[in-house]
Amino acid sequence: MGIIVNKNTRAIVQGITGAQGSFHTKLMLEYGTKIVAGVTPGKGGTKIHDVPVYDTVEEAVKESMANASIIFVPAPFAADAALEALENGIKTVVIITEHIPIKDAINVMAYAGQVGATIVGPNTPGIITPGECKLGIMPSHIFKSGVVGMVSRSGTLTYEIAAGLTRKQLGQSTCVGLGGDPIVGLNFIDVLKFFESDQQTRAVALIGEIGGNLEELAAEYIIKSNYPKPVVAFIAGRSAPPGKRMGHAGAIIMGKAGTAESKIEAFQKAGVEVAEKPSDVAVLLEKLIKH
Amino acid sequence: MGIIVNKNTRAIVQGITGAQGSFHTKLMLEYGTKIVAGVTPGKGGTKIHDVPVYDTVEEAVKESMANASIIFVPAPFAADAALEALENGIKTVVIITEHIPIKDAINVMAYAGQVGATIVGPNTPGIITPGECKLGIMPSHIFKSGVVGMVSRSGTLTYEIAAGLTRKQLGQSTCVGLGGDPIVGLNFIDVLKFFESDQQTRAVALIGEIGGNLEELAAEYIIKSNYPKPVVAFIAGRSAPPGKRMGHAGAIIMGKAGTAESKIEAFQKAGVEVAEKPSDVAVLLEKLIKH
Amino acid sequence: MKLLEYEAKKILIKYGIPTPKGGFATSAIQAREIASSLKPPFAVKAQVPVAGRGKAGGILLVNSVDEVEKAAEKLLNMQIKGIPVRSLWIEEKINVKKELYFGITVDRLNKSYVVIASSEGGMEIETVAAKTPEKVIRFPINPRLGFRAYHARQIAKKIGYSGNQISTLGNIFYSLYLAGMECDAELIEMNPIVETQEGNFIAVDARIIIDDNALFRHSEYKGRIVEGELSPQEIEAVKNDLAYVKLDGNIGVIGNGAGLVMATLDAIQLYGGKPANFLDIGGGAPSDKMATAIKIVLSDPNVEALFINILGGITRCDEVAKGLLEAREKLGINKPFVIRLVGTNEEEGKRILTEAGIHVLDSMEEAAQRVTEIIKSKR
Amino acid sequence: MKLLEYEAKKILIKYGIPTPKGGFATSAIQAREIASSLKPPFAVKAQVPVAGRGKAGGILLVNSVDEVEKAAEKLLNMQIKGIPVRSLWIEEKINVKKELYFGITVDRLNKSYVVIASSEGGMEIETVAAKTPEKVIRFPINPRLGFRAYHARQIAKKIGYSGNQISTLGNIFYSLYLAGMECDAELIEMNPIVETQEGNFIAVDARIIIDDNALFRHSEYKGRIVEGELSPQEIEAVKNDLAYVKLDGNIGVIGNGAGLVMATLDAIQLYGGKPANFLDIGGGAPSDKMATAIKIVLSDPNVEALFINILGGITRCDEVAKGLLEAREKLGINKPFVIRLVGTNEEEGKRILTEAGIHVLDSMEEAAQRVTEIIKSKR
């Protein structure tokens, strides 16, 4: 089953006629994802990779009975695209677009909360439940169905670690990219909760990075909830100096807050093993799952 | 019992130190209304008619356990005052203030809907459950506890008719002034529903006026719901010419819409007796209730 | 506050909505000058704040600069629905392929704004709605989200457009919404917004009514009164914060509360009289406001008798009585009048009037009957 | 985008927030002129976009116009936290009774903005929070309602004010919120906002960071680069839409994806090396972007070796390989380098590089080890 997306996911692609949208629609279709419609204003009536294109989400949802959306719309219009999806009843929205203004993202998240929808991203590689549904831009061959739930703030680093797991025959239930922006739909705790009630997931790989305190809060949650599944963490940015923004808008150490040490310490206190380098994640998980 | 307000209502007065706020606080207290606190920014720590004044609704509610508010704040600030009450958990808000901008009123109503609160007004004389609670500016001596539920878009006209009822010993369960503005919290249907489930109410007096189609919709509701209690209506503005705004922002006949004829016809179709002049309301109700 | 077409168009232009090239004139010579900087043919349009101006002959289409001058002269000597034409807007006539309607107004039932759009524009939208309701789209705006660019595109689609025109037209709709919100419009409409032969869209006429209650946020309109739009009585009433409406009868009416005053007019009519006006002094009026109200009503030469109907709530009967005496002293009221006075401080009010020799009634219906009889007896 | 104090204050003034009288100067003479139109004593303030400027000696308090000139001279010859002072703000020194803090920033966990206020201002708020957390109020803004005047009054109350000062201070807080929202600030703060001996409030220092992602809505900042704020590499990176951060080691790093690059830096450090920079080429970079990235990294004289770490997702390995060869041809890469290349179009990328005589590794950790060994062997 995995979490959030699975074989019953019927997705529309917003911005399907753009270069990115079109390219990844093809890859998602090849992976077996049910892409049931696309939306690009002004391109209604055409087809992309045999997927019918509509001018509005309203029409697309009506014709396709979609329940999810993946958004490739340029940043100035992406928040509006997400609201269009939400207002038309879509409950899972993956926002690939990066560089969405903070004010716009806040507005989207508030409305999503009000209508009870799940937002993955923005600035995320997306989400994949291997063998069932890929709603994202990740290279699919590095994933394999299995028992490890993955959740990460990073894109390529996730691929790095997922590929390591797959090489060791540790498949994944679902891999979720939270997104690198300061305002994203899901945090670690949200995803830990999803994995908690997912039968397929037997262990969790959590890939954090410097900045903010979401990792610390996740560690606290693991303690408080007496989290029933083993968790292995990796934190990127041990060598990062304070006050510098390391690519991601959120990856910045402010004074003493947001350091890798603080996060690693919090996890260790919660009994979560922390990998020293990316390849160690698979090594640690292998031990935990075999036991 | 009556509807919306009763002897368990614990109200704060927002704008209590203004001329209107102070004057009517005194009258409401004399009537027996539980005015438990007042709010005027900058006047916290003082007292008005022995009622403690706070700077913010937050403090007032915390100290007084209020569940209702009546607002006398000037129009440019009244919508904010209503939001302040709503955000602090108050579920019944009476807005006496007139001339609130439409945009502001729309925002208040949307938020009230979201938190499940009842707004009476703006531009209303308020609401009174005779003998229990008066949250408004109506002259109290013309009301008397009894079985007639009253709902009206007008102020003084309501007094006129209520006084007529009281003279004939027809007391009232609750009298609700919807408010004369284009955007108000309650419409006739809302109040008809309240009266429907109120045991004290045995008949309803509905005082409408020209403009809009809320009376027509009320008539439709009476038909559809097979409304169980007798209703008598009066419509002001039979002699009004089209295109002229008769005082109330809403009281304007546009083309064929909003005429008194249309409303009277709708009520007659619904089996609602329509009084020709204000004093007839009591006459008609007397017959219906005695039977 | 009703804006004139040219004022409304200035706002549209500020929001990037295409409008025909044009200019404002208050004389025929000026109109000619403006026209000579434009491309013919021209539309010469009377600037009066009334709907249905075109039908009433307020828009003239001409082909030359000479004709513009003549048309201007003609219009500036006209009245439209009783309002004298004081100014003109001269613009290039647009090559029409199709006329559309798009407007935003207040939806009382849904407690929000509502968009109204139609593939049929150029006439009053009420007329379209009555004739071909299926051609009118009503789109309630969710106050939580506002009207967004994608809503605008949905509507552009529904009124029959596709391809790039969806976004072009959608952007215009969306901009109109932003304009309307920004200026607190209770009505903002483009009627027609025109599709040209080339497939572009241009707002050929625009109407904006600003929410009077929001004027405190729009200092640019402070003190603005369009000459000729209001009667002298109405101007005086606006200045004194009184709600006054001129009617065509001979019984002047003053009361407190819009509903009560309407019911008073109805009662006069019921007994065969004809009210000369609606005047609501509002709640809690002090004596001088009452005096001003009497002055305004009596300044209408049609008024033959006066009916004052006060039911005191916030309004105090003693203040009303004082105002009446004040007005009588200053103005020397020379018309018969009837006064009904009950409610707050009723005794004191009655005492003041009785001592001054004025008889006070208790029932509004009795008073209405009395005043109509006075008029009849004068014939 | 970090605004300078004087830019931030201009915004505050636009929103009606009181600030000390002052003027902008880029020379000591200019500073003197400005001071002579002000009342002594004066504050002469270096305009540099760094926090903690006061502690670093960037603000001088003087009593006469002559002293202003001297202070200006001194500051204009200074560097603050590595940034040369190019301009000054000279203002009247305010008579302080109490220094407060008020700011609005982003709350990631609550997915909204958060107000931070304190009765202790004038130092970094993090310091106050660490020393006396009970003096710091965190007020998350409900995105449904926004920050309203009554919220502002609640906060004014909580930091210790009463009477009229609640509304005066509340209005300033509320105005700052409006300013922050309007200009898409991810941080806007007044530190300190001062209560004067007379009981008035004045924003003595202000800091605004604009959300870079919202700059498309703020054309007024287009092309604005504060001289001296960025290194030549950083300016070049910004122009080419690359994320570059200068570090203090000697191994140049290029990778795709912020997380991966950070992990690469960590791996280098783990094996005893020191990274010279962070450079993320982002997703789907074409070959010329890769070439530009190499050029930027190599333009740093500290770089002794280069580590390129690519895991192809959207990014295609063949494009990376082409970019590398392009850079080698044009720039003549004369530093040793290590490349790790896996993922999309991996085979083609490897083929291109192998044919060009470049050895490609599969594991980032192996590559990190290799590059640190290269550096060590050079010693």
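Chains here go by letter, A, B, C and D, matching the order in which they are written, and residues are numbered from 1 within each.
Methods note: a residue touches a chain if its C-beta (ideal position, glycine included) is under 8 Å from a C-beta of that chain, and two chains touch if they have at least 3 such contacts.
From a predicted model like this one, the values you see are computed outputs, not experimental measurements.
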From chain B, the most remote chain by mean C-alpha position: D
Length of the line joining the C-alpha centres of chain A and chain B, rounded to whole Å: 51
Chain B-chain D separation of Cα centroids, rounded to whole Å: 55
Touching two or more other chains - residue numbers and ranges from chain C: 144
Residues of chain A whose C-beta touches two or more other chains: 114
Chain-level touch network, classified as line, ring, star, complete or other: ring
Each pair of chains that touches, named by its two labels: A-C, A-D, B-C, B-D
Contact footprint of chain C on chain A as seen in their complex: 41-42, 44-45, 55-59, 77, 80-81, 83-84, 87, 111, 114
Complex contact set, residues of chain D against chain A: 106, 108-109, 111-113, 124, 126, 130, 143-144, 181, 184, 186, 211-214, 216-217, 243, 245, 247-248, 255-263, 265-270, 275, 278, 280, 283-284, 311-314, 342-344, 363-365
Contact set on chain C toward chain A in their complex: 142, 144-145, 148-150, 153-154, 157, 162-167, 170
Interfacial residue positions of chain A with respect to chain D in the complex: 20, 75-76, 99-107, 109-110, 113-114, 125, 137-139, 142, 152-160, 163, 180, 182-183, 187, 207, 209-210, 212-214, 217, 234, 236-241, 244-251, 254-257, 276-279
